[in-house]
Each structure stands twice: as C-alpha cells, then as structure tokens.
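Each of the two complexes below includes chain A, the first together with chain B, the second together with chain C.
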Partner chain A sequence: MNYSLVILGAPYSTQSTTTALNFTKALLKNGHNVYRVFFYHDAVHNGSELSRPPQDELDISTEWKKLKNEHDIDLVICIAAAVKRGVLDNNEALRHEKKSSNLSNSFELSGLGQLVDATEHSDRVITFGP
Partner chain B sequence: MKTLHIVNKSPEKPSIMERCLNFSSKGDSLLLIEDAAYFALPSTISKITSRLDALQIKIYALEEDLVARGINKKIHGSIQIVNYEGFVELTTTHNKSSSWY
Partner chain C sequence: MNSNAIKARKKVLVILTQSPYGNALSREAIDYCLAAAAFEQDLTLLFTGDAVLQLINDQNPSTINQKDLTKTLSALPIYGINQFYVDSNALEQYGIDNDFCVPTIKVDVKEISELLVNADTILNF
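Then we have the complex of A and B:
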C-alpha cells in the first residue's frame, strides 16, 4: 500500500516524531511504500541541519537522513510553518535577507499543495499529533 | 467503512478521549499510543468500557509505549497489545484513520 504521514509535533519535546519514525520503519519492513512525509507545525524543526542531540539520545535528523538515502522517501516541510520558526533553505534565506540557512539537504520546503497531493496519491494518510 | 481511532493523550486530558468516543461509530477500533497507553490500566479503562462496549469498539495498545511506561504487565485483559508492525497491520485493515491529540 501507498502511505503518507503527517507529523505535527516538535522533535524531542513530543513523542510525535519518534512514533512516526518507528511507524515508517515498520511500514518499509512490511513492504509498503511511503509516498511522502509531510512536516507541519512544530514538526518543521525536524529539518534543521544544526540540531545535535547528546550521543546517548536518538539523533532524529540522522534517522530521517538514513531513510531518505536508503528508500528515497520524499520529506517535505511546510514552507510557511518553517520560515516563521527559523528553518530556512538557501532561497528563503536570500529572500528574507538572512545571513545563513539551516535546512538539511534531505528535506525540501514546499506548500500545503504537497499535502493535498499526498492525500490524493496515497491509500492511507496517518497523522501523528503533537 | 471502519475507522481506526489513534489516541495519544493521557487520561489526565480526558476531553481528547471524550471527543474521540463522540465521533466513533459501531465496529470502529481504538489504538492507544504514547501517553494514552495509561488508558489501558484496568482502573482507567473501566470508566469508559460501557461506552466502548455499546459501540463494539476493539481496543489495542502499542507495546513499546506500554513498556516505556512500565505498565505492559498491568493492563486490562480486554486490551490487545500490538507492536509497530501490528500498528501498520491495523492501518491496512481499517480503510480510514483518525488521530486525536
């Protein structure tokens, strides 16, 4: 089956992202396809290249990177939710005249249209609340 | 059309479960994840079993979240424990899911 996931909770503050990560791994293990993971609200912080958790804690950003590299999962972050929380790619940094950007290259910033598209092209859309 | 209701908030916030039950239909299923795992304790689930039974709702709880809270051996007998693969399975056997948070 084709799945898309919507994640709403901030990493480390809520369990939302870790639950979604474990669910994604179980999906792939069982032969399902992940069409898209859409990061919305505080979940946009998943995309920060700068986060460095202590060594004995789960490195969430690296976990997404691994899934991206191994399964080419589409990781999309809501652009409006991201920019207002300080998660910027190069284009947004230029547009808003910021000195630097911090979006990890495993993710891309895009609009809510990508969420609509995901619901259209997936058999299941599972939401992970904050 | 059966719906899988996924609840993640603890019984400390009863309005979330309340809302979920108000929108549940006969034959739906309920999956307890994250802090909602505490609903699986006998003293807590007993407060809503009459409503769940009336709607013939099956209750599942996510094993990893029960274990993380040290309550996997204390839950009510009517609740079925599932791991993440069981969670995935539930989303395939129900054609819709609703998350309550």
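Then we have the complex of A and C:
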C-alpha cells in the first residue's frame, strides 16, 4: 500500500517525529511503499543540518539520512513554514540575503502543493501531531 | 475512455483542533486549506475543541501582533470550499453559538463519526 506521512511536531521537543520514524521503518519492513514524508509546522526543524543531540540520544537527522540513502524516500519540507523558522537551503539563503544555509541534503524545500499531491497519490495519509 | 480521467476526486476531511492564536498550527492548517482549494480538492473542514474559537467574528489580534484568522477563513468559500462542520459539544463547552465568520453546520458525536467514515483522507491539525 502507498503511504504518506505528515509530521507536525518539533524533533527532540515532542514524540511526533520519533513515532513517525518508527512508523516509516515498520512500513518499509512490511513491504509498503512510502510515497512522501511531508514536514510541516514545527517539524521543519527536522531539516536542520546543525542539530546535534547528546551521544546517548537518538540522532534523528542521521535516521532520516539513512532512510533516504537506503530507500530513497521523498522527504519534503514546507518552504514557507521552514523559511520563517530559519531552515533554509542555498537558494532561500541567497533570496533572503542570509549569510548561511542549513538544510540537510536529505531533504528538499517545496510548497504545500506537495502535500496536496501526497493526499491524491497515497492510499493512506497519516498525521503525526504537534 | 480513460478511467483516470473520470476517477472521482478524493474527499479530504481536515480536522482543526487548535485555538486561533495560541499555536501557529491553526494558521498553517488554514494555509493548507487555501493551497488545497487552489488545486481544486474536495475539502471538508471540521472544527473541534479549542478550534471553535477560530470561528468567532470581530477578533482583534493585531494587539498581540497576529493576523486575523477569520479573514483567511472567510476567504475559503471564494475558493469553492463550503463545507464547514463544527462540534456542538465544543460550542456548548465554550458557551458560543452563532455569529461565525463562515456558515457552519453543527454536528454531534454520531455525525462526526459519519464524517470520518465518509472521508478518503483525513488530516489532523
């Protein structure tokens, strides 16, 4: 079955992202397809290359990177929600005249149309709340 | 005939749970609705819990540096979104009843479960 996930909660602040990570792994393990993971609201902080949890805690950014590399899943971050919270790729940094960007290359910034597209093309869309 | 062309649009139910200014998710949920409307999606909105406060007219959030959410909400019918359901339990809890920024239909628990059953996709904000 084709699944998409919508994640709303900030990593390390809420359980939202870690539950979604576990769910994604369970889907793939059981032979399902993940059409897209859409990061919205405070979940855009998942895209920051700069987060660094203590060594005895789960490194969420690395977990997404592994899923991206092993299964090539589509990790899309809402551009409007991200830019206002300081998660920028090179293009956005240039556009807004910021000195640096911080988006991890596992993710891409795109619009809400990608969430609409995910609802159209997925058998199930699961929200992981704030 | 191409079967994809005649495939019915998916019914998307958007459940709103947040108060209008306590959390940015209320606005971001309505932003999603506007985007979905632009892509001609079949949207139904359900206001539950604190989200019923989003519907009250004559808000003045500029005093706390916020934009008036009712202005965005009341634009949705212009984009063809006309199905606004509101949880009657939540209305009762807050002691509010009418004078809302969009025309709403009150629903009880049983009718809410029917909305859930009839939706192809549910998004929870």
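Keep in mind that, in the parts below, the second predicted complex is superposed on the first by the 130 of 130 C-alpha atoms of A that agree within 3 Å, B and C clash if a C-alpha of one lies under 4 Å from a C-alpha of the other, contacts with A are read in each partner's own complex, and residues count from 1 in each chain.
We take it that a residue touches a chain if its C-beta (ideal position, glycine included) is under 8 Å from a C-beta of that chain, and two chains touch if they have at least 3 such contacts.
A quick note: this is a predicted structure, and the numbers were derived from the prediction, not measured.
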Next on the checklist: With both complexes overlaid on chain A, does A:Ser100 touch chain B (first), chain C (second), both or neither?
Outcome noted: neither
Checklist entry - Between chain B (first) and chain C (second), which does A:Ala80 come into contact with in this model arrangement: first, second, both, or neither? => result second
Checklist entry - After superposition on the shared chain, which partner residues are touched by A:Gln55: those of chain B (first), chain C (second), both, or neither? => result neither
Next on the checklist: In the overlaid three-chain picture, which partner chain does A:His41 touch, first (chain B) or second (chain C), both, or neither?
Outcome noted: second
Next on the checklist: Going by the contact rule set out at the top, does A:Leu8 touch chain B (first), chain C (second), both, or neither?
Outcome noted: both
Item to check | Which of chain B and chain C A:Pro130 touches, first, second, both or neither | outcome: both
Checklist entry - Which residues of chain A are in contact with chain B in one complex and with chain C in the other? => result 8, 124-125, 127, 129-130
Checklist entry - Tell me, which parts of chain C touch chain A in their complex? => result 10, 12, 23-25, 28, 31-32, 35-36, 39, 41, 121-125
Next on the checklist: Touching residues of chain A toward chain B in the complex: what are they?
Outcome noted: 1, 3, 8, 15-16, 19, 22-23, 25-27, 29-30, 32, 124-130
Item to check | Parts of chain A lying in touch with chain C, wherever the complex brings them together | outcome: 6, 8, 40-41, 78, 80-81, 111-113, 115-116, 119-120, 122, 124-125, 127, 129-130
Checklist entry - Which residues of chain B touch chain A in their complex? => result 6, 8, 33-35, 64-65, 83-85, 87-89, 91-92, 97, 99-101
